[in-house]
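Presented below are the structures under discussion, each in the form of structure tokens.
Presented sequentially are two complexes of subunit A, the first with subunit B as partner and the second with subunit C.
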Partner chain A sequence: MDRKRICIFILIIAFIPLISSGCWDKVEIDERAFITAIGYDKYEEDDRSNEERLEKETQENPINRYIRTATYPNVALIAGKQEGEPFFIYSTTSISWAEGRRQVALRDNKNYDTNHLKAMIFSEELAKDETLFREIFDTFQRSAFLNRKLHFFVTPNKAQDILMTDTGKNMDVGLYIEELMEKEIRPTRAARGDMGNIIIDLNESNGALAPRIVKSKDRLKISGAGILKDNTIVGVLGELETRNALILKGENKVVDYTIKVDGKFLVVNQTDLQTEMKAYEDKEGKIHVNFTINAEGDIIQHYFETPEKAFDAKYIDRVNKKMNEVISKELEDLFEKIQKDFEVDIFKVGEHLRKFQPDTWEKIKEDWDEIYPKAKVKVDFQMNVRRVGIER
Partner chain B sequence: MGDYQKLFEPKKNKGNKINITKNLQENLKKVKEILSDCDDMVYREFNVGVNQNLKFATVYTEGLADKIIVNEYVLKNLMMLSRMTEPEVRNVREKVYDLIKDGVLSVTDLEEVDDLNKVVDSILTGETVLFIDKWDKAIIIASKGWPMRGISEPESDVVIRGSREGFTETLRVSTVLIRRRIRDPKLKVKQMKIGKRSKTDIAVLFIDGLVNQDILKTVVYRLRKIEIDGIMESGYVEQLIEDNWRSPFPHIQSTERPEKVAAGLYEGKVAIVIDNTPFVLIVPTTFNTLLQASEDYNERFIVASALRILRYIAVMISILLPALYIAMLSYHPGMIPTELALYIAGNRDGVPFPAAIEAFIMEGILELLREAGIRLPGPIGSTIGIVGGLVLGQAAVEAGIVSSLMVIVVAITAIATYSIPDYSFGISFRLLRFTFMAAAAFLGLYGVMIVFLITLTHLSNLKSFGIPYLAPLNYNMSIKDLKDTFIRAPLHRMKRRPEFIAKNDKNRMADSFSRDYLKKGEDNSG
Partner chain C sequence: MDRNNDMIVSNQLFSILVITVIGIGVLSLPRILATEAGPDSLILLLLSSIIFLIIALVTQRLIMKFPKQNIIEITNSVLFKPIGILVGLVYFIYIFILITLEVRAFGEITKNFLLLNTPIEVIIIIFLITTIYLVRSGIESIARMAVIILPLSIIPAIFISLVAIPDLDFTCFLPILRTPFADLIRALPKLFFSFIGFELILIWTFFVKDTENIKKTVISAVGFISLVYFIFTGITIARFGIAENKDLIWPVITLFRDVDIPGTLVENVEVVIMATWLLSIFMTIAISYFGAVFLLSRILKSKEHNYIPVILLPIIYVLSLVPDNIAEVYDYLDKFSIYVGTVFVIAIPVMLLFISFFTKKTKGGIRKNG
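On to the complex of A and B.
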């Protein structure tokens, strides 16, 4: 064999893996449907009995467990080419995630693409069923095609209803939720939970805060948080409670507080909240959890025509003191509620001990579930009003 | 005899010599035989001397030789002046040749030859040959003078700040333009002829003491080896002496700008000037030099550096953008930001072609437009641009045959390609772009990466006359080597010539030179 032939031979050998390892999954972008939000509900027997009958004809023993709903935007509308509905929605009953996908694929002319998935919504009913919830959540976690930043929600309504909401802005619910969650001035009363963080939280402390989405008067609202523990939802927090929980977690930096001093309501805008948590074991073997929160304040509402007050250092001191008392109490109550009622360690006290007090943690980690509810909490809120605004 | 005489010594063709006889008529007959059927030759026989007993003859090519020189300074002197002075007959008989050579012809450049072949060559280059009866030599009188184009601004290599002079088709004018920029006796101009029939003059220019001897020897060796009947343009020489004829990248720089050549010579490079073309070749050439405009050195260094970086970005855009468009749209829509992905998807809704076909159609049309525009005269050329670019693009989008984003991509690519200063370099990238697009169409980003790596491998493998093409971007480069690459360092910081070329005299500026004295106010500026 001469040299040329050997060269060609080597080239062919080199070319085979090149071709065979390529991504031969070409789908044109306009043939894809970019699913933006996906929701799961628990299937109930009398629900959609009509459809079930249809399924029974094709499958031997259908056990429908979920209602899977997916929505994707009408891209032609976004590009300004057509008029029409802002989104398409497909719902199906299924036995598993994969089954649901196959079912929908039979009905839709587009290829589904979950790379741009923005939100996944679980009805609380489903989240209370540990088996179902773990199945679906595992699928999300396992997928390499999903963005870890996608928003995770629980809802007291049906996920299907949430996805079918008309946002009134001519846009898809998934995109709407994303913009709602990612806006520059973030709402302080909604928990922040993207899938990555919730997975980390569940791994580290077996508890997490999941934002809650509700439908009220045909409009969507992000409101409060659901508390996840042991892979199910164990309770919910209201909006103010969520805000306080986020302060304790150190995730809220700018918060407004309305407070009554000397019989008048005033609003203090707290900026630069610095939360520090410290947990330790005292000599009697009791666990203490101390929060030190430093805040800078900005009086944004006072009482018209009382200029001297806001400039009075003693008055400001009184405001500070009052706020410290009130807020510290509020935060302590919240901590105890989560600690005693739900017995969930969402503030990661255990993780803190493991990281910073490894000796203590070694001692108590076996009995942490019993020890944690008995831990003593103290919140030290340090308010410092620095700015009082402009006056005549 | 200079140091380089031996290097440039032509090969001797021994068997070919035709002796000049003492018989004038016989000589003329031989010349006429060789130049038979060449009606543009002028033969003039005349008698000289008081007694009209000396027979002379001149031969030259009409149009190539300057008639004024022949008439005023050769014929007139010989026929009239020599008749007025009355030499002693005996002396004349013996010294007539010296007398004529040294005393009569008022032309600066004379040469005696004894070979008829040389005589014919000289006639064909525009010299005038003087035969004298009863003498076995001929005198070649330099009388080249043909209509030539004046020096004008180069069309292919335009600058805003810089010299407006460009090379012309005449070799001598071109070397003069370079000589005017290097008034150094060390600037050597060595000439040779290439082409069996065209006998094209080629001048090799270099600065003695600066030039990299290895490169010079390689250049001369390769030029010597050329055996071809005719050289039409510098492109012929370029293709015959370049290192790798398979490569899509030019590794010899051709330019119309004298200062570019002069700057190259100052860096220790070698210039090859070729007759009949305004393009001068500079060797060796690196990837980096092809992305430099001569204006870079005339502008402030911050501006110049920014422009350099911009050009590198333009290169990346011009080869990668359509390929990325295809790969992203067809294989990896997840990599596009959501809003954009949705917009593109909506925008492409109803477009009948896949992204790859669409891109090939549009890029193909762009190349067609460019090709059509180049061959047409100016005003019609711009009409093509308008019809093609505006009307066609708009109509295609409105008809829904291509998406508007594709038109934008094509336009950006075209603009990026045109911002590459060297024309032939730009063509290489245009070609390469289609390879990238094909790879993207079949294999997505994976394919783009493969072709990118293959291209890089090829580039790092390429050499121009022994100098790595990617120099000074080597595996062992230091920060200092980057002074004249992605950025252009301030002029007073570039004290050394490029180290990979200049081996002998490395200092461009005196080491002692610094701009610090300005700070101290020594120049009385206060």
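On to the complex of A and C.
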């Protein structure tokens, strides 16, 4: 009996290390580096002949296609436990996404963790290259450890430069960008695109808006949008154009308009917005796109010491009418620019037809790429000024 | 070694049925629906739910004819004796193969999302050891465990999915009824993997104390399963759109990954949800495992069945590692549920019920004549 007990005891003792030492995935938290932003540039001295000749990179014939830059904050500094740089940056050239990771691993003492990635930046040069664009987007879609909510940016500068910018706030670019994009009063003149939504838009209507980030005078700025189509960037929108595009998409709720009525500039602050798009085919087989936009707003600036008071229903009517004329025209022009110059369906007209006019869509879906640029657009922007402040 | 009296009540049967069916299938369900039916996904799901309810009611009818019997005894009474053993044996093999494939799918999901450096062999073996502990404890413990785990795994998952509501775009389900009806019908068998597990009711009713409530339980279980499927499919497709859903292997897990609860410091809540969801997969496999063990012990006519799960464990382990890759696992699962699943879920119960009408009549006739 005793012998049996001893045997069981020995077995249990032998079994414990077998079970309790089995954690293959253990990484202590202080050994991790939480990457907050990754940037990709195209490798400039691009030796394509080498690439075409070889199926695979070898020791003698390295192929460089990307410059990959990653940044992560100095967590110890944030916690106040250590002095030093507020963030670290590692940059490397590589043939692929994964290769870049392996290269950096040779130089850095931390284990990289991309679960908390906040921003990804493509240089426009890279975004113009369909192959590279698709390679990286596929990685992001495929990986189980990349956050779909991360912000995607294109930049006219080099992504490396953007990430190396000193934000002046003792924080790294990734966290800075995240705060910038998610603050209470959102910037109205830059597109909003998280990775997941851009992928969905590209899948559904082959067109998406990606926010742009630029470096001006050593500071970062979010400005305008890049237009994505066919997995490349086909054009960019300026700040006002982006604002207007977002109004047409119904995403910009709070906007300030500066408008000239009776020779005086006044400012209308839009507080709410309802956008409705209707697309249909007329009898001659032409596609029409109609936008009906209903906005509400306040006059927040008029003219000091003037006999024409804003506190007057007739005057407010005039303001409304003027805005209807001016803004409707502006929005129509923007739609036509995107439609005719870039031929991108970012307003999802095709999707609308597919969902609400399936019979029409069945007829035209094969030739949609040719039909879309010829569609006629009409925008009816209705501003309703509700309040004028506390001054007559 | 009689730890319990081997009796469950119909409420426990409800939990067992629901948690057996909801498991791995739902994770890829929106992909199958989006691929097969496009915008008509929910209609296809509704159609398959209704058909499944009919099948469930047919099975229930069969059970009510032979209360407190399991599939072997039912077949024996309907037909003649050795057939029961044969049918029991094929059911055993069927459940057994299903377990091996599900164990592998479970291992792949865990390795993909949670333990990426741990070898899959270790994940599977530890999982199976845990499972046989529950299986050896008998039907009563399993039933209690099912009652505990059902809300624990489903409520957090649904709660997390509801957080995605502001981002939903229900126009994804337009235009309605544009898919040819023949295509919808043809797609139905592919949805069977999502409902597989229900046929085990042919075994569970043997243990049920209050037989008169079984019909109610069956209807509410199918209703509940369909409701959960509706919620997940509706939210997932409305969130990602049809095109994206076709590309995602487990759209529902991606949905868990996609949400972040506003205003919390906690990011990546999907790890918690995955962990609770694994509990439900664990129960799916444990319950099926018990079903297989029970059938085998009946076939072997052994009174003690506690040693059987231990013997089966190495076989399941080895078989689960047979498919070369994740694509092959799902390939096998698809084919298995379409061709084999259909036979065991629909054909055998319907046939038995049909023959039972026939044999009863002749038996009565003989009695009258004799």
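Just so we're on the same page, the second predicted complex is superposed on the first by the 351 of 392 C-alpha atoms of A that agree within 3 Å, B and C clash if a C-alpha of one lies under 4 Å from a C-alpha of the other, contacts with A are read in each partner's own complex, and residues count from 1 in each chain.
By definition in this document, a contact is a pair of C-beta atoms (placed from the backbone, for glycine too) under 8 Å apart; a residue touches a chain by one contact, two chains touch by 3 or more.
Quick caveat, the model's predicted, so the values are computed rather than measured.
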Chain touching more of subunit A, residue-wise (subunit B, subunit C): B
First (subunit B), second (subunit C), both or neither touched by A:Lys355: second
Which of subunit B and subunit C A:Ala144 touches, first, second, both or neither: second
First (subunit B), second (subunit C), both or neither touched by A:Ile199: second
Which superposed partner A:His116 touches (first subunit B, second subunit C, both, neither): both
Partner chain(s) touched by A:Asp25 [first = subunit B, second = subunit C, both, neither]: both
Contacts on subunit A seen with subunit B and repeated with subunit C across the two complexes: 22-23, 25, 115-116, 145
Of all residues in subunit A, those that touch subunit B in their complex: 18, 21-23, 25-30, 32, 34, 36, 73-82, 113, 115-116, 118, 145, 175, 178
Contact set on subunit C toward subunit A in their complex: 39, 112-113, 115-119, 122, 171, 174-175, 178, 240-244, 247, 254, 257-258, 260, 267-268
Interfacial residue positions of subunit A with respect to subunit C in the complex: 22-25, 115-116, 141, 144-145, 147-149, 196, 199-200, 203-204, 354-356, 358
Sites on subunit B touched by subunit A in the complex: 329-331, 333-334, 338, 341-351, 354-355, 442-447, 450
